[in-house]
Structure formats: C-alpha cells, structure tokens
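Next come two complexes built around chain A: one with chain B, the other with chain C.
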Partner chain A sequence: MELTERHVEGLKELLYKMADDLLILGHRNSEWTGLGPILEEDIAFSSMAQDKIGQASALYEILHEMGEAAPDTIAFTRNEKDFHCSHLVEMPIGEYDFSLMRHFFYDHADALRFEMLSNCIFDSVSMVARKFRGEIKYHTMHADAWLKQLAHGNEESKARMQSAINEAFPLALGIFEPGNYENELIEAGIFGGEEALKAAWLDKITPIVEAVGLKLPAVSDVTPALGGRKGYHTEHLQPLLDEMTEVFRIDPVAEW
Partner chain B sequence: MIKDTILHLLEDVMDPEIPTLSIVDLGIVTGVEELDGKIKVTLTPTFSGCPALRVMEDLVRHKLRDSGYVNNEVVTSFAVQWNSNMISEKGLIALKKHGLAPPPKHDGYIELDVLSDTPCPLCNSRNTTMQSPFGPTLCRSMHYCNNCKNAFEAFKPVG
Partner chain C sequence: MYGNGYIEIDPTKPVNSLVADEDPVKLAAFEARIAAGDKIEPQDWMPKEYRKQLIRMIEQHAHSEIIGALPEGTWITRAPGFRRKLALMAKVQDEVGHAQLLYSACETLGKSREDMINDLIDGKSKYSNVFNYPALTWADSAVIAWLIDAGAIVNQIANSKGSYGPYCRALDRICAEESFHLKYGHDNVVFLATGTPVQRAMVQDALTRWWPPIMHFFGPSDKLSVHTETLMKWKVKMASNDDMRQQFLNMYVPKIWDLGLTLPDTNLKKNETTGKWDYTEPDWEVFKQVINGNGPCNAERLAVRRMAEEKGRWVRRAILSKDAQYVTPLS
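And then the complex of A and B:
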C-alpha cells in the first residue's frame, strides 16, 4: 500500500507519545534511587529507570532520522504543551504502593504495545520493538511478583494495594487515549491501534489482579484521565521538567 | 579475510563491566565490513539503556586505530537484536570465571521459572533463590544459594 503524509505523521505521533511516556516515567522511577523501601527495590526502580530512558532515547533517535530534532534537543528543550505523555506517568511517586501499581499497569501495556509493534511495517520501529520486548519482560515479572507478595502480605498491605489500584486505574486508562491517525496506522499495518491495545491489556491484567484476591474497577465506572496525548497536562509535569532540565539549561551547548 | 583479522583483534576488547569477557564472545559485534579502505564495525546493545555501550564503541575505535586501522567507523544498530544465546561457549566460561552464573540457553521466551533455580557459580547447586530480577547492572539479577549460603549474581537470559 502507498504510504501517505498522514501515515508518516501518525507514526511520528505514536513515537513521540511512547518516548515521552518512557522518559517521564524513567525520571519518576529514578526518584526512588536512594529511597526504596528495601535495597533491592531501590535497585529495581533505578534499573527500570535506566531501561526506560535508554528506550526513550532509541525512539527519539528514530524520530531524528525522520527529520525531527536531535534526541537531547527533543528531551530537554520542549515546552510542557509539546510533551505527549499520559497523566499516569506524570504523577509524583507517592507512596510505594502507588508507584508499584503504576509500574504494573504501565509495563503490561508497554509489553503488549512492543509485541504489536514487533510486526510494524517500518523496520526501524519493529527492530527496536523486538529488542524492548525482551527487556520489559523483567519489568512485568517484577511488578507481578510484588503485587502478589503485597496482596498476600497482611490486611494493611492488601488494603493499600487495592486503594492504589483504585487510584491508578483511571490514570492508566489514559494511556490508551486515541491519537489523530488511528485508522491510518491500523490500515497501513503500522500499529494495531489504542482500542485493540486496551482490550488486550484488560485481558492480560484482569486475571493477574483477580488471582491475588484484588479487584479492578469496572471500566464503565471510572473516568479515564485524558488530555496528556494532546498536550494538556497535570500540574505535576512542569515541576518535573524544570528539575530534569536544570543542569542542561545551565549550559545547553556543553560537550560531555 | 579482513573480517577474521578484525574479529581476532576485537577479542582483546573486554566488556568494561566484566573484564574476563570480550565483546566478541559477548556476541555484540554484529558486523565487520571494509568499504573503500575504511573498516566499519557494527555493535548491537545488550540492553538499550546500557551505559557501557558508548565506552565499548570508544574501546573499539581505539583498538582499530592502535592496530593501524586509522580509517574506521564504529556504529550501534538494532538491526540484529542481541539475545543471551549469542554469548559464545568461551563467553559463558568467562562469565563464570568472573563469578557470574551464565544465562541458560532459551527458545526466545523467558519465564520466571528459569531464574528461580539458577545454578550457583560457586558450588553448582540448583538449590537457589532469586532475590531480584534487577542487580548492579541491567544485565544481572541477584540470587542466593541455599546450599553454600552465598549471595551471587547471574547474567540474565534475554529473549
């Protein structure tokens, strides 16, 4: 099939939102460095931060090859409204239970997204998706293990996990906010679309949550946190960007 | 063959985080070509976020230059995606020599089970427990041997 300008724009939109989610969540995960409830978790969140920022960088590199600015310029010089991350990743780390549920919801969605993109007609995208698919396996494995552990801990840990699910779930639904080119991406075989991804995600996570005796809210009962993909963000993103770019802004042309 | 000559040279370039393991045995050298007198070496990342990658690119550049191949280019590409089956037999032994449990061969799909009874690199017992799928570097997980009572690290299997 003949690819049009709209297919290319759709692919760029998809890459931007994926990379922005990874960059911002990577930054949030790094905020656990030195603060984890136990040393292993300190290391786990720091490692996941490193993976996510590495993946974001690879996606910004593809955008650069498509004519966008250089990865560091994209990451450090855009205004808040030019970021396409979901509200889920912008939220402060909160208590460990919230960070853990965010990690569970987000990483299962990304694992499925990478799986879908492994067959993308753009080789540059399918290549990295196949690479990321192997890396993220350890993230979902980690999230599932801790969800199970804490759901089976004691009354308090179980109640806290349920409460974190209730808080993070509407935010997580915002991951699947449709873009402007869903039909074009689907018809060209670039990406199966956010609706299909959301359905696959619910099929994947529902049995995991139920198996440990917890419950997901009904999708029809909650209001998804939308707007992030269109540049409308929570009050938490700008302070994060200020902190993330603080060193860069001191001397933007410094050689490292 | 220039390719064999270059690969032989690169066997001296060690992974900066695992000094017993060469980058050739690690399986990350995915291309060696000669184009109009220029040597082009292609590397692939073990993990996208691995900070040692840029260091390894530089080590390869220096090795080529010091060996007389001044006209060279070293690039990183995802075209061949690294997986842990690409570590050579010699590489698996080198990992163990450094005290790391080598990754088991896999069919592309990694499950938690493969990590839960990782053989201890010190006493070879399979009576071990995984403590965390994350460790001091992205490519390592942390384990405990219930037999010899030592904590150890394993090089993660990656699909």
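And then the complex of A and C:
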C-alpha cells in the first residue's frame, strides 16, 4: 500500500515513545549502581541500564535519519512536555521490590513489542527490533528468576512482591496507552498496535505470576496510569531531566 | 581502583613474634615455595600472619571498589551525552564487579563477604583514602577515571605478581579492565582540556583539588622495618610506596603537562641527576586524619553504604531463608 504522511508520523510517534521509555528506565535502573541489595544485582541492573540506554540511542538515531535532531540533542535538550514516556518508567527506584516488578512488567512488554516489530515493513526498525530481541531475552529471564526467588523466599518477601505488583500494575497498563495513529500503523504493517500488545502481554505474564503464588489485579478493577504518551507526566520526570541534562546544559554545543 | 594497602603491624612487636608459634619446617617449606615463584592456593598451609595480612589487604581493596563506585556513580545520571553516559555506566559497573571478584578471593582465606561488609560499615576496616573526597563536578569524574585508575594500575600490576593465587588471578582481570577505564578517563580529560574555556577551567579546577589526594594515594614512605621485609619476602607487599609514586609521576606528569594543565606543586620536576621526581612532601597529617575517618566525605560514604545494606537486607534474608528454592535463571 501507498504510505502517507500519517504513516510516517505514526512511526515517529512510536519510535519516540519507545526510545523515551528506554532512556528514562535506563536512567532509573542505573541509579541502582552501588546501592543494590547484593553486588550481583548492582551489576545486573547496570547491564540492563546499559542495554536500555543503548537501545534508546539506536532508536533516536533512526529518528535522526528520518529528519529529527541528533540523538544527544533529542535526549538532552527537549522540554518535559515533549517526552512521551509512560508514568511507569518515571517513578523513582523506590525499594528493590518496586524496581523488580517494574522491570518484570516493562521488559515482558518490550520483549513482545520487539517481537512484533521484527516484522515491521521498515527495515531499519525490523533490524534493530531483532537485535534488541536478543538482548531483552536476558532481562526477562532475570526478572522471572528474581520474581520466583522472592515469591518463594519468606513471608515478608512474598508480601512485598504482592504489594509491588499491586502498585506497579496500574502504572504498567499505561505502557499501552494508544497513540494517535494506531490504525495507520496496523493497516500498513508497521506495528500491530497497543491493544494487541497488551493482550499478548497479559497472556504472557499472568501464568508466570500465578505460578509463583501471586496474583495480578483484574484489569477491570484498576485505573491505568495514562497521559505519559501525550506529554502529561508525573512530578518525577522534571527533576530527573534536570539531573540528566545538568552537565550538557552548561554548553549544549560543546563537545563533551 | 585502589591505592596501597595500609599495613598495620605494631612496629614495637619483635619480628619473630609474627611467626613465633608456626611450625619451623612448614614455614621454611612455605617460604621456599614463594621464593621459587610458586603461587599459594587456599588449601595450602600458610602462616597465620600471612593469612591475616592478605585478608586485610584484599578486603581493603574490595571495599575501595564499592566505595569508589559512589563518587563516580553520582555522575552516571548526569553524564553529558549518550557516549559518555554509556561508558561511565560500564566503568562503574566494572568497579562493582571488581569488588565481587575480590570479596570472593578473600573468602577463600576464611572471611565471609557479609563479615567483611559489616566490618566496613562498622568502620572497622579501611578503604582507599581518595574516596573520602567529593567529586564536585563532571571534570572530577574524568580526573578520577584517568588518574586514580592509573594509580590503581601501578599498584595492582605490582600486586598481581604476588604470592597468593586467587588474589593474583583476580588482579589480572581487574588490571585488564582498569586499562580501559584509564583510556576512557584520558579521552574525557582531553576533551575537557581542549574544549571551551568553561570546560578547560573545570578540568583544571578538578585536577588542582585532586592532586593532594593523588599524592597521598600510594601511602606514606615505607618505614624500612623488618615487618615490611617479611611481607615483601612473602610477596604480600610487592613494591614500596615511594617507588610506586615515582612510577606514577614518571608516567603521568608529562601527559598532564602536555595538555597544558598545571599541577599545584611548584617543586614538582624531574631531577636530572637522580632520574627521580622531586616534589613537595604531601601533608601526611591530613592523610592520617582522612584515613581515621575525618575526611570530607567519610561519614557520607559509610552512611550511603549502610543505607544500601539496610534497604537490601530483606532481599538477602529472603534468598537465604531455609524455605527458599534455588531458581535457575533458565527456568
């Protein structure tokens, strides 16, 4: 089919929200460096953070090739309003239980998203999606192993994981907030759409959570945290951006 | 990254008290193996003092790695641009990985990681004094990555030729990684030193502030005591503090000057007659104060570490619970 301006805009919107999620979550994951519950988890969260920041950079690069600004400019000079990340990734790291559940929910969603995008009609997108698919496999493996471990640890860890699920689940549903071009993306074979992704995600995570003796809230009982994709953010994003851009802003045209 | 170990043997103790109750036959065989260049392995017989000094040294080294991750770690979230951000994340991650390797090496001598970390947060064991200084600007993180890691390499390459197998093997890997850190740090300093006036002023300021701690890094001149001789004979201590400081100055002062940066010591120059570097003797009273807990950031560093230990306790308790099931990551 003939691609129109709306298809291209839809792709850009999709890439922006994916990259923004990855950048902000990568930033949050990196905050565990030096502070994890055991050294091995400092190291694991740092590895995942590096993958996410690297993936964000690769997606901004595709946007750059489509005529947007350079990756550093996009990441380090935009206003808060121009970010399209979900509220889930903006939240502070909190306790390890919250960070772990966020990681579980987000990474299963991204693994499925990359799977869907590995058939995208745009080669630049399908190629990176296939590459990311190989990386994220280890992220979901890590999340599953720790969820299982802590759900089976002791009473306290089990209770903590259940309340982290309750806290993170409505935020995680915000990942699937529909964009402005869902139909165009679906009809052109660019991306299967947020609704389809959400359904696949629920099918994937529900048995994993139930198998370890925990429970997901019913989707109909919770209010998804929406707004991030449209530029409405939590109070946590602006301070994060201030910190992230602190040095870059000293001289945005200098070479660092 | 790590400076030299702080050897703590009471100098008034007679030298033979170190090995007073050791079996002389075993001791002679042990010393002969070391003299022949053999590595001592965990299951081998070793004098109690050898074990004690190695535990102290490796433990201090491991602590230095995790405490050292804190001043640099604060710049990960502020690093300017993707390239620097990714590199700094990987660099600090390496440092935490070094701690993990070193705690494991030290555990082979009989002290658990948990005991070591408890001694750290209780202030019973030490770590390198440089990490008690603040990293005030982005340029500080660049100077640390270049020059502190360079100093650490000088020390660690010497120690990797030591006698204790597990420590030497950990150091071989650590040195390989540190050499990347040094390149990263140097590249970072070069960009700042050849950048805008603001960048240049920033890196000069950082270098000026970090010079005294860098001069302290290798520790005070070794007193030529019989104890030091014993530790050198056992290949626990591999090079004198002054020798390492000289090696460092010789390798890095010219590189610093090449970038047009200055160092805050007007006496610093290479003495053509001796071939060694002349410098103003660092203030060892300050060094002693910092080592003993009165540096600018000692309290903060330990407080952060204590907070991390406290926050993570429930996780460790859960995975050590008797009901816990081992989960293979591939499940």
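Convention: the second predicted complex is superposed on the first by the 255 of 256 C-alpha atoms of A that agree within 3 Å, B and C clash if a C-alpha of one lies under 4 Å from a C-alpha of the other, contacts with A are read in each partner's own complex, and residues count from 1 in each chain.
Rule of thumb we're sticking to: a residue touches a chain if its C-beta (ideal position, glycine included) is under 8 Å from a C-beta of that chain, and two chains touch if they have at least 3 such contacts.
Owing to the predicted nature of the structure, the values given are computational and were not obtained by experimental measurement.
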Open item on the list: If we overlay the two complexes on their shared chain A, which of chain B and chain C does A:Asp72 touch? Say first, second, both or neither.
Closed with: second
Open item on the list: Tell me the contact category for A:Asn154 with respect to chain B and chain C: first, second, both or neither.
Closed with: second
Task: Which partner, chain B or chain C, touches more chain A residues - done: C
Open item on the list: Between chain B and chain C, whom does A:His27 touch in the aligned arrangement: first, second, both, or neither?
Closed with: second
Open item on the list: So in the superposed three-chain picture, is A:Val128 touching just chain B, just chain C, both, or none of them (first/second/both/neither)?
Closed with: first
Open item on the list: In the overlaid three-chain picture, which partner chain does A:Gly231 touch, first (chain B) or second (chain C), both, or neither?
Closed with: neither
Open item on the list: Once chain A of both complexes is superposed, is A:Glu40 in touch with chain B (first), chain C (second), both, or neither?
Closed with: both
Open item on the list: On the A-aligned overlay, A:Pro92 touches which partner chain: chain B = first, chain C = second, or both, or neither?
Closed with: neither
TODO: Examine A:Trp256 and indicate which partner it touches, taking first as chain B and second as chain C; both and neither are also allowed.
DONE: second
TODO: With the two complexes superposed on chain A, say which partner A:Lys52 touches: chain B (first), chain C (second), both, or neither.
DONE: first
- [ ] Kindly list the residues of chain A that each of chain B and chain C touches, one partner per complex.
- [x] 40, 43, 46-47, 50, 53-54, 57, 141-142, 145
Open item on the list: Could you list, by residue number, the parts of chain A that touch chain C in their complex?
Closed with: 27, 30-31, 33-43, 46-47, 49-50, 53-54, 56-57, 71-72, 75-76, 95-96, 141-142, 144-146, 148-150, 152-154, 156-157, 160, 240, 243-244, 246-248, 250-251, 254-256
Task: chain A partner contacts - residues on chain B that touch it in the complex - done: 45, 47-51, 78-79, 81-83, 110, 112, 131-136, 138, 141-142, 156, 158-159
- [ ] Within their complex, state which residues of chain C touch chain A.
- [x] 66, 69-70, 73, 75-82, 84-86, 89-90, 92-93, 96-97, 99-100, 103, 138, 191, 195-196, 198-199, 304, 307-308, 311-319, 321, 323-325, 327-331
Open item on the list: Looking at the complex, which residues from chain A come into contact with chain B?
Closed with: 40, 43-44, 46-48, 50-55, 57-58, 123-124, 127-128, 130-135, 137-138, 141-142, 145
